[in-house]
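One chain, chain A, appears in both complexes that follow, with chain B as partner in the first and chain C in the second.
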Partner chain A sequence: MYWLPRDQVRALVNRLAESYAVYGPRRDEVSGEVVFDRLEELERLDLQAAIPYNPPKHALLPQYEEILKYLYSKQSQKVTIEKISKVEPKALVGLRACDLNGILCLDRFFLGQEFVDEIYLEHRKKLFIISNTCVRPFPQCFCVCTDSGPAAGEGFDLDLTCAGQGYLVLVGSKKGQRLVEELGLREAGSEAQNLREKIVAESVSSFDNFALENKAWVSRATNRLTTGFIKPEVWEYIGNQCFECGACSFVCPTCSCFNVEDVNRVDGPTDRVRTWDSCSFEGYTKMAGDHNPRKPVEDRRNKRFFCKLSYSQSKKYLRPGCVGCGRCARVCPGDIGLPNVVTYIRREITGE
Partner chain B sequence: MDNQLVPIVTVPEVATVVDIREEIADVRTFYFTFDRPEIERAFRIRSGQFIMCTVFGAGEFAVSLPFSPENDRKHISVRKVGKVTAALHELQPGDKIGIRGPFGNGFPFEEIKGKNVIYVAGGIGLIPLRSSIVHVLQHRPDFGRMILVYGARSSRDLMYKDSIREWQATRDFETHFTIDRPEPGWTGQVGFVNQLVAGLNLPAENTVAFVCGPPVMFNAVIKELKLKGIKEQDIYSTLERHMKCGIGKCQHCAIGRTLVCVDGPVYTYRQIKTLGEQI
Partner chain C sequence: MSYYRGICNFCGTGCGHLLQVEGNRVRGVYPLPGHPLSRGRLCVRGWHIHELLQTEERITSPLIREGNSFRPVSFDEAVDFTASRLKTFSGREVAFLGSPRASNEENYLFGKFARAVMKSNNLSLTSDAGLEESSRVLLEGCGLPAMTGSLSALRQADFILVVGGDLTKQNPIIASEIHFARRSGTFVATISPRKTQMARLSQKHLRPNPGTIWLLLEALARALRTEGLVRGDDLEERVENARQYLEYLDSLDLKQASESTGVEEQEIISLARKFYESESAFAFYPVGIQSLDRRSMSALLNLFLLAGKLDRPAGGMCPVTGISNLLGSLDMGVSPAFLPGYFPVEAEESWRRFEELWQVGLNRTPGKSAAACLQEDRSIKALLVVDHDEEIIRHVNRIKELEFVVYFGAYQNAFASLATVIFPRLNYVEGDGTYTNSERRVQLSQKKVEPPAGIKPMWEILSRLASALGQPWPYKSAEEIMTEISRVVPQYSGLSHEKLRASLGLRWPVDDRHPGGTEFPLAEETGRGFKFVFDGAADRRQSLRSGKEGVFPFKLVVGRSNYFWHQNSVMKRTFIPRREYNALLLLYPNGFVEVSEEDARALGLREKQPVRIVSEAAEIRLATRISPDILPGMLYIPYFIEEMISGFLHRQVSELEKNEEFFLPVRLEKVE
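The block that comes next holds the complex of A and B.
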């Protein structure tokens, strides 16, 4: 483990900025929200800021991404198809453990199934990741219930844990090791490992009651969701609460459903774009000719929570699909974020 | 051979529409060849698979493949039903389309050798079954009885009449037809496909059934087939879903814990029952 004094964070970021576009948490001046986005001004990086409003998935799966460009001339019967690859290397600095686990879920889903998603891979292989331990949980957090925080375990190049006037630095890759050496960071000493463990343990013990109480119930909910033993009334209630706005999907670190459309440009060619989509939208499963196998909203809600917690989906992610960031609960106007859904399932089991 | 199937995943391969055939109202068959000779040579499918077809300037849609993996002209048969298929119907011979795929699991072939094969189709549900029918016919001695039970709204809505005539001309191919309402000159049955199935003397032992048609027809037919004694794991169907990628990533085609594009589109009825969703 290494030691990064606070006043050297800037040097680290500057170094990264030489080869990467730097992404990190910063406070938005207008809304006051912490956002995770590309830092045009590096000094805006705020490692002490609360968990960002949005997850970092747009760095890998942009909300709107051109994947192909083609031009078809009917006159000459000529088609030119061009694969768009303007993917730049990115450094994600100050990722919370939940968000890093979100990326690991996406990795296993996009790269580890029957097919490799070439477009995702382009983004992924050019990533440098620095995670940041949550030395205290934020009010919305329940990563202790989903085994994804408050500290990162794997997947980072470097991992930071704030300890007094600086950061304990864990190295997770050769790339990370090189950077540490280039910056000339000193070893953190023999007590560093214990210190980090102590900081993480303190963080775990200060989670809100709601998170700690939910801990066992998340796995019970997983059981129920996997076996299908949840009464239709529960889904109907959840369906009735849903506004079908899709906000939960858009702020979820592991939601990755996308739509693909061909957009004709005025100057001639057509762009094939992929955009974020959400299973809460009615048009999500609607086929040409209007047949919609999943028309009722509760059928669609049920699918989302199946994706987040069922064992079948966990097999694709090699962990639960929910990383406990609490963003869905924060944005949902219908009050059916994941922790509440777990509560409804709990009430059904206990008859509260 | 199957292991060497390398699907076209990201960038569509350009193909030329070489011939267009009017099948029934709003359904046309488009014969195509790939522009690059090496793709034309290497493109292999399993019956029951599907492709993603690009109509340049309009978009991409998933479509089942009606041709046999062996010695059959490459084509798709498409009903004009939405924006992209309407644009496809505008095409003339010589125009270009884009192809990705083939994707999906496909109908069993080796596993059903030696068995009786029943095909039950409703309307354009015959399109995805055609591939398997032709393939099995090409290996006729390896199979038991072959029976096609086919129903449509009217005699004008029966697909692939020429192909059916050819199949009937081969040895040992039983056919039974029905249309919804009586018509002058119609000598087949009148009624729904499930009623036709109910009245037939079908084998049940050592028999598999392939069913494809609209959801209402599907459920009614399954009921009759089960009454005949055909096991749920021996009834196959091919499902249709809204699809965007074909490679298991966009997740639009999720049914239960499966994705139609990679785990399907061919499912046994036993699997369909456990998915817990409408088909």
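The block that comes next holds the complex of A and C.
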């Protein structure tokens, strides 16, 4: 483990900016809120800021992305297809552990199955990831219930843990090791590992005092969801409150569903575009011939929670599909973010 | 930085968002967490505004009609041509149709151009179903022409009454606030014939028969009297015409009202009590796109006045606007009834005031709405229209007869093809502008991307036209126009772009006494006179009978926004909302009629079975859609199929469009 004094953070970021577009948390001046954004002005990076309102997903899976262009020529009766490649190397600095776990879930969906998604792969290959331990949880957090925080375990190039006047730096890759050496960081000493563990343990024990917005005892809910013993009335109660806006999927660090559209031009090439999509939409599951296996809103709602919490899905992700960031609870107009749904499922079990 | 703070431009909620801008294109959108109203939420439309903002279906050059096609021309040529043609018309020969999606600055100048340059008072808005009516009622009843309540305080209310429409579809984030209020203990009651999602989310749902919302509201007021909760002498001190109103109210028979509305007397009484006992109460009703009618709005206002709920904080009347700047457009006087700042056109002082401010003589004869001009006035020869977002164009044949039509628009659409001259417009992220949401919150939307080459801001187009017509206008930016607005519109007197840049919106009145805006104008400013609004001894019984119940037993209601939004003319340029809104259209390509489960059973109707709907004037064939959401005896047709409008509803359409209380007596026949 290495030691990064606070005043050297700028040097680290400057170094990264030489080869990467730097992304990180910054505060909005007027609303005061934290956004995970591309930073041209590197001094805007704020490692002390709260968990950003948006996950870093847009850096790997943009909300709107042209993926290819094709043109049909009437004369030659041929189609030419051209790949649109605008993927630049990006450094994601100051990722919270939940968001890093979100990326690992996306990896397993896009890269870990039979078909590898080439566009995602290109984004992913060019990433440099620096995670940032939450030394204190934020009000909406419940990552301790989903095994995804408050500190990162894997998947980073470098990992920072704030300790007094600087950061303990954990190296997770060769790329990370190279950067640490280039910056000439000194070893943090033999006590560093213990110190990090102590900081993380303190953070975990302070959830009771600080993380007050959400409680989500996920394991029992996983059991019920997997065995299917949840009454339809519970889903109807949840479905009635769904505004069908798609926000829960859009803000979820692990949601990977997308839509593909062709933007046609009268006399020009067609762009093929990939955009975010959500299982809460009726059109998402609608098939040709008007059949819709998930027509009622409650069926679409429960699909999402199966995806996040059932055992069969967790096997795919090698972890629960929920990383405990609490964002879905904040953006939901119907107040049926995942923690509340877990509460309703538990209430059915306990009969409270 | 790629995420920039902004305001959603769809409905009148005015949610805060972050637009992701890369390479001069809007690539994404995200809710703005710190926004005082939307608090980090967006609806399905708001979540896809970036898809609309990327569309290539823009109008990018001024165009002049030549025969059946258009010729791209230079900006100068378009201005010269337009000015030379406009010179040939007198004020009363021209009508102006403004856009509730355009900014305050644009609407103010559009109105000023009509009145000061063209001397025309034929000025109105598209999609203004009922806002002007609501403003008149509120102005008459409490002296404030807009929301007396506050959206950011509605979670503190004890009691919320939602009347008509379906807020969960029209203004989802306001509905969400109401839902959160209910979850934290507020009592929410909905009054609507349809079982809407809003109704499902309420503790109480009263379902009056179509056309009887006003009667149910009067019955609630009457119940306050029969229960002995409101005494006459207290009331006379508070409200000017209390005695006359009580006379009118006491002539209502609760039992009869219960029969006509189909709502049990006990239900009426218990809701009236619950309402009366609440510490603070809000009423929400829709205006714009779909709207409550004048009679229901008045009855609702009277109910609140009677119970003394209007001048308290954490409560009030809340007309909810369906389009982003509907309220602002009316504030700016794009209306046949008001000059900017709600100065009534009937008053001579209003005209004197504006002649002095604008330093120009005005035509003091009040005008009409553009729709009224087209419908009844043969002397109209020219029409100027901004962003006609309605897919279905009314009076299309009359418009084709006009000598001169100017269209200012950002996107290609059906209306553009009717124009003589087309001016391209910026979309809302390509320039600065302020927008006023339902709760009087004026918010500044700042420029985020450069417009396509050659597109000029609306203020520049209008300034050039004004100059060519002999009135040199000095404007150099939207900011300067706001400075003028602050001098002209008293409610905006304390506003400037500079002030708005550092805030997330300020609620008018913003003036010397309220530099930070006003949350509850009626509570903060005493001394406004209250007055009950009613039309005297109208014959209630007469308005409840069509006299044709035997031949036409069903009440057909036409809905404007339950399964679609704004006839989808805006939504069709997005991907996901288009898919979602079109799902139904694809299932029922020729339209459908909703029939209650009870009626379907009684008539032996199956899903998708073709039926004929016959009214006195016309008939149409539609597919059956059996719905648990409507009352027996009621039929429901959504307003989005062109053929249905032009072929069946055409004669009744103006009434149907105005409000959701209107119904058509019809009968339903099976097609064998």
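Rule of thumb we're sticking to: the second predicted complex is superposed on the first by the 335 of 352 C-alpha atoms of A that agree within 3 Å, B and C clash if a C-alpha of one lies under 4 Å from a C-alpha of the other, contacts with A are read in each partner's own complex, and residues count from 1 in each chain.
As a working rule, a contact is a pair of C-beta atoms (placed from the backbone, for glycine too) under 8 Å apart; a residue touches a chain by one contact, two chains touch by 3 or more.
Keep in mind it's a predicted model, so treat the numbers as computed, not measured.
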| field | Combined model on chain A where chain B meets chain C, clash or fit | value | fit
| Now for A:261: first (chain B), second (chain C), both, or neither, which partner does it touch? | both
| Touching partner for A:35 - first (chain B), second (chain C), both, neither | second
| query | For A:303, is the partner it touches chain B (first), chain C (second), both, or none of the two (neither)? | reply | first
| field | chain C, chain A and chain B - angle at the middle CA centre, rounded to the nearest 10 degrees | value | 80
| query | After superposition on the shared chain, which partner residues are touched by A:286: those of chain B (first), chain C (second), both, or neither? | reply | both
| query | Should A:277 be classified as contacting the first partner (chain B), the second (chain C), both, or neither? | reply | both
| request: Quick one: classify A:246 as touching chain B (first), chain C (second), both or neither. | output: second
| said: Once chain A of both complexes is superposed, is A:44 in touch with chain B (first), chain C (second), both, or neither? | reply: second
| said: Just to be sure I read the superposition right, which of the two partners does A:110 touch: chain B = first, chain C = second, or both, or neither? | reply: first
| query | Once superposed, minimum distance in angstrom between C-alpha atoms of chain B and those of chain C? | reply | 8
| query | Just which bits of chain A does chain B share with chain C as contact spots? | reply | 259, 261, 277, 286
| Which residues of chain A touch chain B in their complex? | 67-68, 70, 72, 74, 77, 79, 81, 83, 109-110, 113-115, 117-120, 228, 256-262, 264, 270, 272, 274, 277, 279, 284-289, 291, 293-294, 299, 303, 306, 310, 312-313
| Contact footprint of chain C on chain A as seen in their complex | 26, 28, 30-33, 35, 37-41, 44, 53-54, 58, 62-64, 240-241, 243-247, 250, 259, 261, 263, 265, 273, 275, 277, 281-283, 286, 290, 330-335
| Residues on chain C engaged by chain A in the complex (per definition of touch) | 1-3, 5, 16, 18, 20, 22, 27-35, 40-44, 46-47, 50-51, 54, 56, 168, 172-173, 175-176, 179-180, 183, 197, 200-201, 502-504, 575-576, 579-580, 582-583, 586-587
| request: Write out the stretch or stretches of chain B touching chain A in their complex. | output: 9-12, 14, 16, 54, 56-61, 79, 81-85, 94-96, 98, 215, 240-242, 244-245, 247-252, 254-255, 257, 262, 276-279
